[in-house]
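We call the chains A, B, C and D, going by the order they appear; numbering starts again at 1 in every chain.
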Amino acid sequence: MDPLTIDTTKIKMTKKQPVTALDKLNDTGLISTVLAAREREGLILFSTIDQVFNWARLSSLWPVTSGLACCAIEMMATAMAHHDVARFGMEIFRASPRQADLMFVAGTVTKRMAPRVKKLYEMMPDPKWVISVGSCANTGGPYHESYSVLKGVDMIIPVDVYIPGCPPRPEAWIYGIIQLREKIKNQGYGAKWGLNK
Amino acid sequence: MNPAEEIKQLFPDSVVSVGHQTNKPLAIIKKEGLLKIAEKVKEMGFDNLSVITGIDYGDRFEVVYNFLSYTKKQNLVLKVVLGHENPEVDSLASVWKVADWLERETYDLVGIKFRGHPNLKRILLPDGWIGHPLRKDYDMSVDQFVTVGEDGEDIVSTDGSNLLRR
Amino acid sequence: MKTEELLINMGPVHPSTHGVLRFKLTMDGEIIKKCEIVMGYLHRGTEKLGEMKTYMQFIPYTDRLDYISAFPNNYAYVKAVEELAGIEVPLRAEYIRVLTLELNRIVNHLVMLGSLLLDLGASTMIMYGFRERENALQLFEMLCGARMTFNYIKPGGVREDLPDGFIPKLNEFIKDMEKRIDDYEQLISGNEIFMGRMKNIGVMSAEDAINYGMSGPSLRGHGVNYDIRKIEPYSVYPDLDFKACVRHECDSFARYMVRIDEMRESLHILRQVVDAMPPAKPVSQAKYGIAPMTGAPTAVSTYFPRIFTPPVGEVYSRIEAPKGELGFYIVSDGSIKPYRIKIRSPSFCNLTAIPKMVEGLMIPDLIAAFGTIDVVLGDVDR
Amino acid sequence: MWTGDIMFANAYELIVYILNYIGIYEPINDIFKMFGIEYVLRIIIVLVEIAVLLVFALLTIMFLTWMERKVVAMVQARYGPMVTGPRGLLQPVMDGVKLIGKEDIIPAKADRWVFTLAPFIVFIPALLIFIPLPFGESLIISDLNVGLLYIIAISAVSPIAILLAGWASNNKYSLMGAMRAVAQDISYTIPLALSAIAIVLFTGSLSTVDIVTAQNGTWFGFIPKWFIFLQPLGFILFLIASIAEMGRIPFDFQESEQELVAGFFTEYSGMKFAMFFLAEYAHLFSVSAIVVTLFLGGWSLPFLTFIPGALIPLVSLGIFLVKTYAIIFFAMWLRDTVPRVRIDQLMNLGWKIMIPLALLNLLVTGFLLTAGVFR
């Protein structure tokens, strides 16, 4: 008997399912409303805590120095006096990924560098974000046809914000950072019901 | 007197022909005489070996050495023509120390072996890389991925399953 | 007491390796016994791409080789193509090219000083260095719209003529830079700790330096007076009077001081270029139509056909890039695409000297010596 | 400064005096006496003091992190944190809350207990040093008669914790960083102690309050009788040794990014890393306070004789904080402009130059004192 040809509509349930009180209650749809209410109530309880944590996280993002190529120079230019990133609380460029929570992938991710970028990402403690900067990191950029370049860093790690440009201007960097801050602001419980101010 | 003719007089048998490379004196020499000529060139004051280029012409390989004499402000180009099967030529690392890495890079990208080189290994690509990219018959379709072994060395494999994110 | 050697891996991701370079150090306590350099983490196969692109399409790739000073890369490649095809360039374009080269040399030395001091622990110099760099980048932006990757020099001349407000802004920049360089000298050169960290570190004799293929300011720090602008003069350098800055102490401090002198020398050249800039002669474009579309000649560039097929042949041309001798070896087989492009990168050859220079030193000295060699990874790995 | 007779030995007596002044001390005391547990009131008052001190310490630490960033930004011609709160004042709060919310990674092969214990062993001594610090006229938790010895002993505990952290995180870099940090701390405690002993020769007592009162009054009418004028060499040695003790640039080896990635706390993240971070700033404040107490006359200023009695503790606290923040500003200013010293130069400076100088200073002071120059 070929399993594909069985006509599933004809199969009847042989064992009679016992009808419990819960099933009856469920038919009236009461349980789903109670669950939804409790979830929303939980939201109100937790969403304020989430908002505080979101605000703390977005206002003190400590990037890890992982500059690979030309965009690394623009990363330094963004962190320097003229376009000061320290205004957003990102002044301490932690050298070790253990204390960082934001990773700028700035530059071309070559095949040889890919496992190390992935290891760097995995070493970072949990609430972490990745900003892929420059067309090389986004999709391989001008080196798309090259044999030794990975076509975009999102092939190996999840990316939150993409900044186009080759290299993107420091203003574009700061715009990308602001986009990430917006994204962090809308995380957590309160996001679904628009409770996050 | 341009240095290419000078070398022709000194080593008449191993210099195939003398000419010009756009504006620099050029001497095409045989593979065997390379090391002797190189030592002579160093004495003539060409202390800067600028670049070593390996070119794959489909039926033959060519290795081109460009020299500059800082003192005499002169240029010289030496060219060696090699067969296509396994191109092999003497290494100049003993004469110019910069040749060590230039030859390793030529071996890495074009696949020309250099006899007598201290440690002829790949310099830019990971060791297990298949093929030499700058050869005309290098197929670009094969995608090779690199993963890190326990002691930090690179392992090249064509399937990137543990690396890529599906 | 048998002490075992410690293998330290200053890995590809490290704050002071100026990018992705890996040092394999076998250490005996604090002293480095053997230093092996592993590179290739930024090898993007530029030379293979060179064989797939036409002559004009390859120019943006030259910007991304030594991405701190992109003008010399453009110029070296374009000079090679011009020598191959015998294209002459209007005098005003040559003066504009020298202007951009020298301005970019100052920017490169600023970044080098800043990152050298950052590696030694003082975090202020890089801020001042980048503040001046921003002023210079605004000048570049006025010239060609980009901050780091210019694509401005093309075979036959330059793409755009100087905008109106450029020269006064440039004079302002030159005046301001002179004061700044004296400030840097005061902040750094007299500093006891800096001298303690730099004096007779990374010492190398002049013969070794030449033999290891070092070139540019790192070589001139060893008392070797070789400057390609003097040995093989190109463009309008013969008409400009400047001297090659040489120091004889053969250590990191000498290499650092050479760069400070070179910055002053570049300012001197810039002043001469601004005075001797020929006026822009209007050129009739009747035969060719509007310039950018058909490659017609303008005040700053000669005619350059859209379908450009140079004669068959090979050429190697070298210039004095801020880091050393930068050369392009182009083989053309008459088609619109080069048959082979080989890039002689100064950082790659300067790096050969590091393992020998560093034996017997400590890690902080390796960083100090490495900082004065001024290596950029795009240039090393191509 | 004032008539020289200090009203209260420590903050406890001050609080009891204030309670009496308000008149609520007797009734409470009687209630407790009825139950026969009269000592409980004393414990409560001490607990209140310690709570105030802790709040003050944590607030100053937070303020110092903000001040550090602003001073660094000011030196480097830029702004520093501006977005969170007015001119970035909430930035330290945000850093703290974020670090609390971070995932806490303990490396696989690390020694779990030692790994989690090390940050606390670093943080607690940094706060313990606050006890004998004379913040104001009678604002001192407990005026230990071995105050100076206590301070030097407590500051010798942190190297042990650093070694624990370095060893526990099972990482080559952090072990080397820890070794260097311990070597540095030990080799700079000796000149620190020697130059401090030169002060004790003058005051004859180790208690910090006695040291400060010994610096009252003026010579020839306008020069305040601070020990900095009697001990200029001692002051310089003490300052350099304290900066090396704090591990700040130019003697920064704990977290010299360039060489050993992040020193011994490479593997720490989240709240544990925050502990190290706060301990460093607590250490900065306490060591500056000690420099002020020993050499710059603590809370006294020679010309303030017209202050009404009730205001004296507040005014003296203000003067003390102004002087301490001057020293802190100097340490931060040094951090931005001067490159780092190599480890062997550091050791040479410590052993070959500073210790002989400190001994010489001690000898000369002893000789002059016995010759009765200063009496």
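We take it that contacts are C-beta pairs under 8 Å (C-beta built on N, C-alpha and C of every residue); 3 or more make two chains touch, one makes a residue touch a chain.
In this text, all values refer to a predicted model and were calculated from it rather than measured experimentally.
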Would you pick out the chains that touch chain A and also touch chain C? B, D
Measuring centre to centre, with centres taken as mean CA positions, what chain is farthest from chain C? D
Approximately how many whole Å separate the CA-defined centres of chain B and chain C? 24
Find the geometric centre of each of chain A and chain D from their Cα atoms only, then give the gap between the two centres in Å, rounded to an integer. 42
Counting in whole Å, what is the centre-to-centre distance of chain B and chain D, each centre being its mean C-alpha position? 63
So, what's the distance in Å between the C-alpha centres of chain B and chain A? 46
Sites on chain B at which at least two other chains make contact: 125-126, 133
Multi-chain touching residues of chain D, meaning two or more other chains, are 72, 76-78, 257, 261
Considering chain C alone, which of its residues make contact with at least two other chains? 14-15, 40, 43, 45, 48, 127-128, 131
Which of line, ring, star, complete and other names the graph you get from chains that touch? other
Determine which chains touch and list them pairwise. A-B, A-C, A-D, B-C, C-D
Can you list the residues on chain B that touch chain A in the complex? 125-126, 133, 138, 140, 144-148, 154, 163-165
Please name which positions on chain A make contact with chain D in the complex. 52-53, 55-57, 59-60, 80-82, 84, 86-89, 91, 94-96, 98-99, 101, 125-127
Touching chain A in the complex: which residues of chain C? 11-15, 19-20, 40-46, 48-49, 52, 60-61, 64, 67-68, 111, 126-128, 130-131, 133-134, 137, 147-149, 377-378
Listed in rising order, the residues of chain C that touch chain D in the complex are 6, 8, 14-16, 30, 117-124, 127-128, 131, 187, 191, 193-194, 196-197, 362-365, 367
Of chain A, residues touching chain C in the complex: 65-70, 72-74, 76-77, 80-82, 93, 95, 107-108, 110, 112-113, 116, 120, 142-143, 145-149, 166-167, 169
